[in-house]
Every structure is written in C-alpha cells, then in structure tokens.
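Listed below are the structures to be examined.
What follows is a pair of complexes built around subunit A, which joins subunit B in one and subunit C in the other.
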Partner chain A sequence: MAGSISNVIYQTFIRRNAVFLTTIFASAFAFELAFDTTSNKIWDSVNRGRQWKDIKYRYLNKDEEEEE
Partner chain B sequence: MSLSSASSTLLRTCARQQLPTARASVASCQRRGVADAKSSFESPFASANERGSTLKIPNFSKYSSGNSPRSNQVFSYFMAGSLGLATAVGAKATVQDFLVNMSASADVLAQAKVELSLGAIPEGKNVIIKWRGKPVFIRHRTQDEISEARDAKWEGLRDPQADEDRVQRPEWLVMLGVCTHLGCVPIGEAGDFGGWFCPCHGSHYDISGRIRKGPAPLNLEVPQYSFPEDEVLVIG
Partner chain C sequence: MLARSALCVPSRAIARQSLGKTTTRASSTAAGAESASSPFYLTLTASLATAAAAGSAAWYYHLYGQEAFASTPAEEGLHATQYPWVHERFNKTFDHGALRRGFQVYREVCASCHSLTRVPWRSFVGTMHTVDEMKAFAEENEYDTEPNDQGEIEKRPGKLSDYIPSPYKNEEAARAANGGALPPDLSLIIKGRHGGCNYVFSLLTGYPDEPPAGASVAEGMNFNPYFPGTGIAMGRVLFDGVVEYEDGTPATTSQMAKDVVEFLNWTAEPEMDDRKKMGVKSVALLTGLFAISVWIKRYKWAPIKTRKIVYSPPVAPRR
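Right, the complex of A and B next:
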C-alpha cells in the first residue's frame, strides 16, 4: 500500500529532474503565498486596534479629501 | 561470494606482513578463510570475543528501515526538494528586501507629488509653485495665447515641438521653471515672444515655453502631470 503510493509519487514528480525542479519552484511559490498570508493575518490579529488601518475611521470620517 | 573474496584479500594481506607476533593469528586466519568462508567476518588480528576487545562488529539491523526502498528514496528526495524550496523562498526574500530597500520610501513618495486646485487661477495669470525643490510655472492661457502658440511655425525652431505635445489641456501650460541654458529661473510675461525671459543670459521663450532666442538649447521641460478631477492638477 505505502509502497504503491511512494511509487506513484516517485513516477510522477521525482523521476524526471525537470518535473522535480518545476514542482519545487511551483510549491515554493505556493508556500511563499501561504506563508505571507498567514503571517500577515497573525500580525494583524496580534496588533488589532493599533494599526493605522484600524483607527483610520476615527480621523477620516469627517473629510474624505485627506485620504492620502 | 563477497565474503569469500574479502577473505582472500585478507589472506593476501596477511601473507604480506607476516610479523613474528602475528604469525599465530595469521595461521588461524588462513585456516578459517578456507574452512568457513560463508560465516560472518571476524578480524584475524584479535578475537572479537575477548573481553574489552575493540574489534567487535556491531549489529546495525535495528537501525535498518523496514520500509520499501522506494519509499525511503521518495523520503530522501522529498527532504532534498523541501530544502530546495526553502532555499528558493529565502533567496527570493533576500533579493527582494535588498531591492525594496533601494526604492523610495513612503514619505519620499508622498512629497513627490503636488496637488493644487485650478479654480483659484484666473485666466491670463501665472502661478509659480515649488515641486521637488524646483519652481513650476502654471499658466492659465487665454484663447489668444492658445491660438498664438498653436499657429506658430514650430518646425523651424531650435527645439521643434508642437504645442499639442507640450500641453494636455490647451488652457493650462505646466512646465519646469528652470532655464535650459544654465538653470536660472525665467521671468514670466516678459521677453520678445510674450512668454518667459531668462535674465541671466537673455533666453526668450514663447507662450508655449519653447526657446525662440538666446543661448538656451531646449524648450522649458514639461513635468509629468495629470488632471484627476476637473479643477485639480497633480504634478508628479
């Protein structure tokens, strides 16, 4: 069972070096995206209420012109 | 098979270095090599069964993997690939940090633009504002001035440029107030062509900011600007 799964993985991803490298870079891209999103979410939840985007409404609801 | 060849190699080695002290063990080695070639390896120089012997061959069987060779292979390739993944991500982040470090920061970018409302500028008036440390001329041109700038024979000028290429809206002329000769600030509504006149060395610019007379080699420079709303001008 385990042998057949590892065989399938081997034949699909590892056997050809080009496929192996492509897999590595594609998953590096996906990993970076996921890592950045997750760490940003953690940062925002730890610093909730303290960042400019959280308190912006207090200062900018009167005049919209000073947005930038 | 391999054991027997190992034994014969040993035999040859033994035969070469027959020291008197080692003679007994050599003899035993020879005897054993012939007799039980299939049994496990034992050193010819000392008995592994002696107490305190350093020549015991340990048993590694408890460290050997119970999985199939293919799954071991897949595991080690997976680890190598994961290391490659981490390296790629780390290298990309490093390079990106260096490049981002070189780009302009947010406060610099915020100061790089100037916004002004055009409603306060009456027709036929010049306004000079400071943008990135340089003066910028903004002129609300009258219809006469527009037609004068458009009808001029610009093909024969020193720096030939049509008025259409210099303005986005014909009534608003926006340009850097730095003389292209040596960098003085020209005076508005002066000179022989009704535009700008540089007092330093006498360059005359027309109502489109094109050089007409004097030492300056180029027309007054037009910065990047836009009209995000009808009455708002953003330079930069």
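Right, the complex of A and C next:
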C-alpha cells in the first residue's frame, strides 16, 4: 500500500524534472506564506494591545470626528 | 641461558621498582626498601621550589590580580535597581501607548534642555502618532531653507523629514544656559549609559528631598545617589502631575519616568520590534532545519552504525 502511494508521488512530482522544480518552488512559496501568516498572528496575540495597530483606532477616530 | 636470565631479573625488578615508587608496589618487594627513603636535600629542594612558586604567584596576584578601584563608592554612583521591564523580554514589543506618553513627557519636560537630534519627525508616524499629528508638531518648528537666488537663507516651517531641533544653538549656548553643564543628547542615552533603562529610571526617580547628612553638594548642583559623583546639575524635574496624559493614565513620578525611559529606549533602538519578531521567526525556522539535518544524519548513518563486521577465519584445509 505504502509502496503504491510513494510510487504515485514519484510518478506525479519527481519523475519529470520540470514538475519536480515547479513543485519545489511552489511549495516554498506556499510555506513562506503560511509560516509568515501564522507567526505574525502568534506575535500579535502575544503582544496584544501593545502595538500601534492595536491603539491607533483611538487617534484615527478622533481625527475623523474633528473633520466631521 | 639460565644464568643470563637469572642476572637479568634483579636489574629489571629494580628498574620497575624505581619507576613505580609512588604507587603501592614499593612494599611488595624488599628490594625497594633502600631507595624508598629520599635524601634530605631532595626534600629541601622540593619544599623551597614549592615555596618560591607559591610566593611568586601570591606576589604577582598582589601586584596585578586585584581589582583596582580608582573611584570611591560615591564617585562610582549607586548601582541602579533591576526592574522587570516588559519591553525588554525577547518576545515583547514596545508598549506603543507608553511610547506616546513618553514622547509627551519628553516634549513637555525634557525638551527644554535635552536635544533628540537623531530622531526625525517621520519616525513617529505609524509608531505612536498619526501623520496629521506629526505634521502639526513639525510645523511648530522653524528650519533653514536652502539659499535662494540672492544667497540668503530664510526660515520655513518644519516637515516630516526634518529632525527634531535641539533647544540650544550649540554646545556653548547649552553650557551657558545650564551653569556650565551640558545636557546630553538623549537619542542614544539608553544605549550609552551603564544600566540602560534601569539607570535612567533610577536617576529620574532617585532624587532625595534633601541630601543626606555629610554629603557635600557643590553650588548649583543637586544630589542624586545614582549619578556618578552624586552631584548632578539637573534638578528633579518629574513631580506628580507635571504632565497631563491624554489617555487618563495617572501622571505619577514613576509612571512618567517609566514612560519616558521606554520612549528613550525606542529612540535608541527604533528597530527593536522588527528585530525581535524576525529573531523569533528565524530561531523557529532554524530549529526545524536543525531537526531535519539530525534526522538526515541518522538516516544516512543507520546502515553504517548498525552493521556488524564478522571475521570468519579461513577454514584450515583438511589433511
């Protein structure tokens, strides 16, 4: 069973070099997106309320009220 | 043949005896009894050599080994207390609300004497202030223009790209206004002082109501135990309620000192937030890569480590 699965993987992704390279580049791109998104989310939750994006609503809203 | 071996044996036994004298073998044979007691001059020489070595080491330590204190404890200054700064933890950013309050303290209290020349107005935008607020702050100050057609330099209101102007024209003017003492530029003061945040906080909050008995305070100076030399030209400036915070935080002395210290840490290290985030990310990635490399090493070495080398002797041909 496992042999057939690895065989499928080999046939689909590894056998042809162009496909193999494309797989590597695409998965690197996807990994970086996923890694950055996740780690930024964790970072923002650890630092909740401390960063500018957490407190800027106070000051931006005030400006809009003044404009109105 | 027999006689020769009989001659040889005692000499070999003696040689072995003298080599292994320090071990317990000495008592096992009677032959070593004479050589076991060393002559007196050997003991004397060894004792003298040991005494000379120990003495010269002690003399050398006395000359060069001791820590030298050029200053008295008063000149050294009281060592600052360690405070648990949240923004100094490896996974915490600056508290940008505190930065905003700290900038208010700087603007309303410190800026009358201390410059902040390495910080441009633009660096506040998106960190603790909005663009419009910072433009308003920048326009309150005048800057020189480029020379016009007549070669004259005029004044223009400040822009976001300008740096915060210093309160005095030059060092001499600053000294003249402060009784000969130069207020240091605060841009990098947290990096530039031993103790960093702890020192500046202790200095700002450490002014006693009156100098302790026996302390000599020069004319025009103030007593602060944390300042090296204890005589500081800057007086206590942070009193409860000197500043009125817009977010309603009670403006106690320690609150203002804490906020302005965090703000000054930001001016010294504006890149800290990004640096820490990037550091955490790269440590996480490198941990994963290290785990993979360990796995690959074990994978490649498994057949080598687990193989068994067997020697099968050639079968002797039957006769």
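Here is the rule we go by: the second predicted complex is superposed on the first by the 64 of 68 C-alpha atoms of A that agree within 3 Å, B and C clash if a C-alpha of one lies under 4 Å from a C-alpha of the other, contacts with A are read in each partner's own complex, and residues count from 1 in each chain.
Assume a residue touches a chain if its C-beta (ideal position, glycine included) is under 8 Å from a C-beta of that chain, and two chains touch if they have at least 3 such contacts.
Owing to the predicted nature of the structure, the values given are computational and were not obtained by experimental measurement.
Looking at A:14 after the superposition, I want to know if it touches subunit B, subunit C, both of them or none. Which is it: first, second, both, neither?
In the superposition, A:14 touches subunit B alone.
Taking the superposition on A as described, I'd like to know which of subunit B and subunit C A:22 touches: first, second, both or neither.
neither
For A:60, select first, second, both or neither according to whether it touches subunit B, subunit C, the two together, or no partner.
A:60 sits against subunit C, while subunit B stays out of touch.
I'd like to know which partner A:37 touches here: subunit B for first, subunit C for second, both or neither.
Neither: A:37 stays clear of subunit B and subunit C.
Is A:51 touching anything from subunit B or subunit C once the two structures are fitted on A? First, second, both or neither.
In the superposed model, A:51 contacts subunit C only, not subunit B.
What residues on subunit A does subunit C touch that subunit B touches too?
35
In the complex, go through subunit A and note every residue touching subunit B.
Contact set of subunit A toward subunit B: 2-3, 5-7, 9-10, 14, 20-21, 23-25, 27-28, 31-32, 35, 68.
With touch defined as at the start, can you tell me which subunit C residues reach subunit A in the complex?
Those residues of subunit C that touch subunit A are 91-97, 100, 126-130, 132-133, 247, 273, 277, 280-281, 284-285.
Taking the complex as given, what residues does subunit A use to touch subunit C?
35-36, 39-40, 43, 46-47, 49-52, 54-56, 58-60, 63
Residues of subunit B touching subunit A in their complex?
67-68, 70-71, 73-75, 77, 81, 84-85, 88-89, 92-93, 110
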